[in-house]
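Two complexes come next, and they have one chain in common, subunit A, joined by subunit B in the first and subunit C in the second.
So, the complex of A and B:
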């Protein structure tokens, strides 16, 4: 059993090393091509309200409903497919810009002597979380289409908020009990 | 006969990069690597003498020289770290922390194992000890490689060759030693062939990648003027948060 475990570990290590190094080798001028100058990052976010409106429009069911009512089923299906492709492209663009921003951060951080490993790990974790959630979102959009994905997201966010409220209701009581227990412990001593 | 041919080939392949580097005068750039190569060359020559003159002592001579090889190998990992991150103090700081963590983790595993098993005595369980020490090296080198990839550290052909070759050597050693330890004498015959073949391949990688000196490429862009690390992290976090809220806003009109 342990032999297999070591075999697996070794295979993973070899693959990892080869993949990482070959990936890096493929990126010949990594700094220039992938990082850019750092100025062009986040063109999409916070640009103006027009952009926000347009991106919101992708997920709005209004257009889809209109097409479904006014045209044939075939056209409606085609429209839905195109909207899905557009939504996926949009999400890819957002992810791409986040990646670019992280790369710009990494480029600056690697030469900064004041780097704090804990901050780097925290940031890396946040980035991973973003990648994971946007990856799930990508899958949901691909499977359900943009309007349904938006509905699902709204529902899950509502659920998360409700859960948070419930936890907040319970947690102060928990803290209070904790404080009481500590006080009880300390009383006999004094 | 076959193992003798492999042995002699290994010695030749150890001599080639050493002579080549001495000729082209670039040994000074990778001092510890060439020290390691010189050490294994001398060790192989010494073992060859022992094998023919005092065959009874060969096993003892082999296993007693292995820990020194592992130690010199640690120097090689250290050199990779020093050279690759010389121009990147931030990434070097991160590497120090990650490597210290990995070293403590891997060493603790060995000590706990030794503590729990009274039979784990150096000298008697040579395969297992060497494998455990090699695992520590694998962990350290893997940690370094992941950091190089994350921080996009330019390496250059020579350094890449050293990393490729040594990683391959470490991983094949761990696999072979594990199989030798777990399967016992039944694997001994295969081990006598697989290990030298893997080692020959590693030496070939080193011969090719270290044929001439290839300096580490300079980063093509200048870092931004944001010297304060806190403000850099804050700016990146702000961008991440704005990306998240942008997505949420778009999907929740």
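So, the complex of A and C:
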């Protein structure tokens, strides 16, 4: 079999896993009892910079390294598992908010006659890219832990920010659901 | 107008609480414990008689809640290393030893009731996880400190 066929098979496998994880994450969006409503899960005290700082802290390797040096293997492993679970929940919350904003956009778009098809296509494409990158991010966090996923995280958040900007541009007065995102200054140290 | 006055009142109460009381408490962890201790477990409202006399019950409650959130935010965003230092400072000023604090806190988990009401479950879990790790480190350090003098003793 040629190298291209292997590459194609790998790409299909990754896409399949991403889709599976994305559906799993989507189902969890409705688990209000365990994770709260979309905003309340993600936000700390309303929309402020603390939320982005908190996300940066979740993905920061500093604590994991410190705990690994200072305490027993069992404690370090437990701490790593907790951080991974937190990072995955954080990602679910971000995805939940993006999905919510897209749903709100679709609702508003139905009533808006002045929409540009090019903008809608752009939005759809960026949403697809976000789903794909966040699916891969979910996989990387799950397998390698939050610090290794920090670089990819920046890319996913940039896409989410673009999505937010596009929904704002397309429907300036739209009722988008705000997603608190990291700006460049607050990207996690990798 | 009324809202503006109320906001000013809360700000003044906040400053009063910060300058007169919180400034005298050493370390953010001790401040957090103090502020959380003024909260009614059933209603989630804060009570401080002195502050309520100077201002009003409602303004005092809002000022304490605001200080509680600020202190919690600072601790939430600090590293585990800084949390260990905070715990050591808290133990030095409040308990007999760090090992005693680590042992009792690991069992009773009093840090869970220090989380502000408005805090998200994610942030709350992050805080609890960090405190647990900091306590484990404190305990490890104490165990190491106990072993060192023993190993320094001459053999039989």
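One rule holds for everything that comes next: the second predicted complex is superposed on the first by the 104 of 190 C-alpha atoms of A that agree within 3 Å, B and C clash if a C-alpha of one lies under 4 Å from a C-alpha of the other, contacts with A are read in each partner's own complex, and residues count from 1 in each chain.
FYI, a contact is a pair of C-beta atoms (placed from the backbone, for glycine too) under 8 Å apart; a residue touches a chain by one contact, two chains touch by 3 or more.
Everything quoted here is computed from the prediction, not taken from an experiment.
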Once the structures are superposed on A, label A:149 by its partner contacts, choosing first (subunit B), second (subunit C), both or neither. first
Touching A:70 in the superposition: subunit B (first), subunit C (second), both, neither? second
In the overlay, answer first, second, both or neither for which of subunit B and subunit C A:126 touches. first
Touch check for A:160: first (subunit B), second (subunit C), both, or neither? neither
Report for A:82: first if it touches subunit B alone, second if subunit C alone, otherwise both or neither. second
In the superposed arrangement, does subunit B or subunit C reach more residues of subunit A? B
Which partner does A:139 reach: the first (subunit B), the second (subunit C), both, or neither? neither
Contacts for A:58 in the overlay, against subunit B (first) and subunit C (second): which applies, first, second, both or neither? both
Partner chain(s) touched by A:112 [first = subunit B, second = subunit C, both, neither]: first
Touching subunit B and also subunit C: which subunit A residues? 35, 41-42, 44-46, 58, 60, 90
Which residues of subunit C touch subunit A in their complex? 69, 73, 76-77, 79-81, 84, 116, 118-123, 125-126, 129-130, 132-133, 136-137, 140-141
Can you list the residues on subunit A that touch subunit B in the complex? 2-3, 6-7, 9-10, 13-14, 16-17, 20-21, 23-25, 27, 29-32, 34-35, 37-38, 41-42, 44-46, 52, 55-56, 58-60, 90-91, 94, 97-98, 101-117, 119-120, 123-124, 126-127, 130, 134, 137, 149-150, 153-154, 157
Residue positions on subunit A within touch of subunit C in the complex are 35-36, 40-46, 50, 53-54, 57-58, 60, 62-63, 66-67, 70-72, 75, 79, 82-83, 86, 89-90, 93
Note: in the complex, subunit B contacts subunit A through residues 87-91, 93-94, 97-98, 131, 138, 142, 145-146, 148-155, 160, 163-164, 167-168, 171-172, 174-175, 178-179, 182-183, 219-221, 223-224, 226-230, 232-233, 235-237, 239-240, 242-244, 246-253
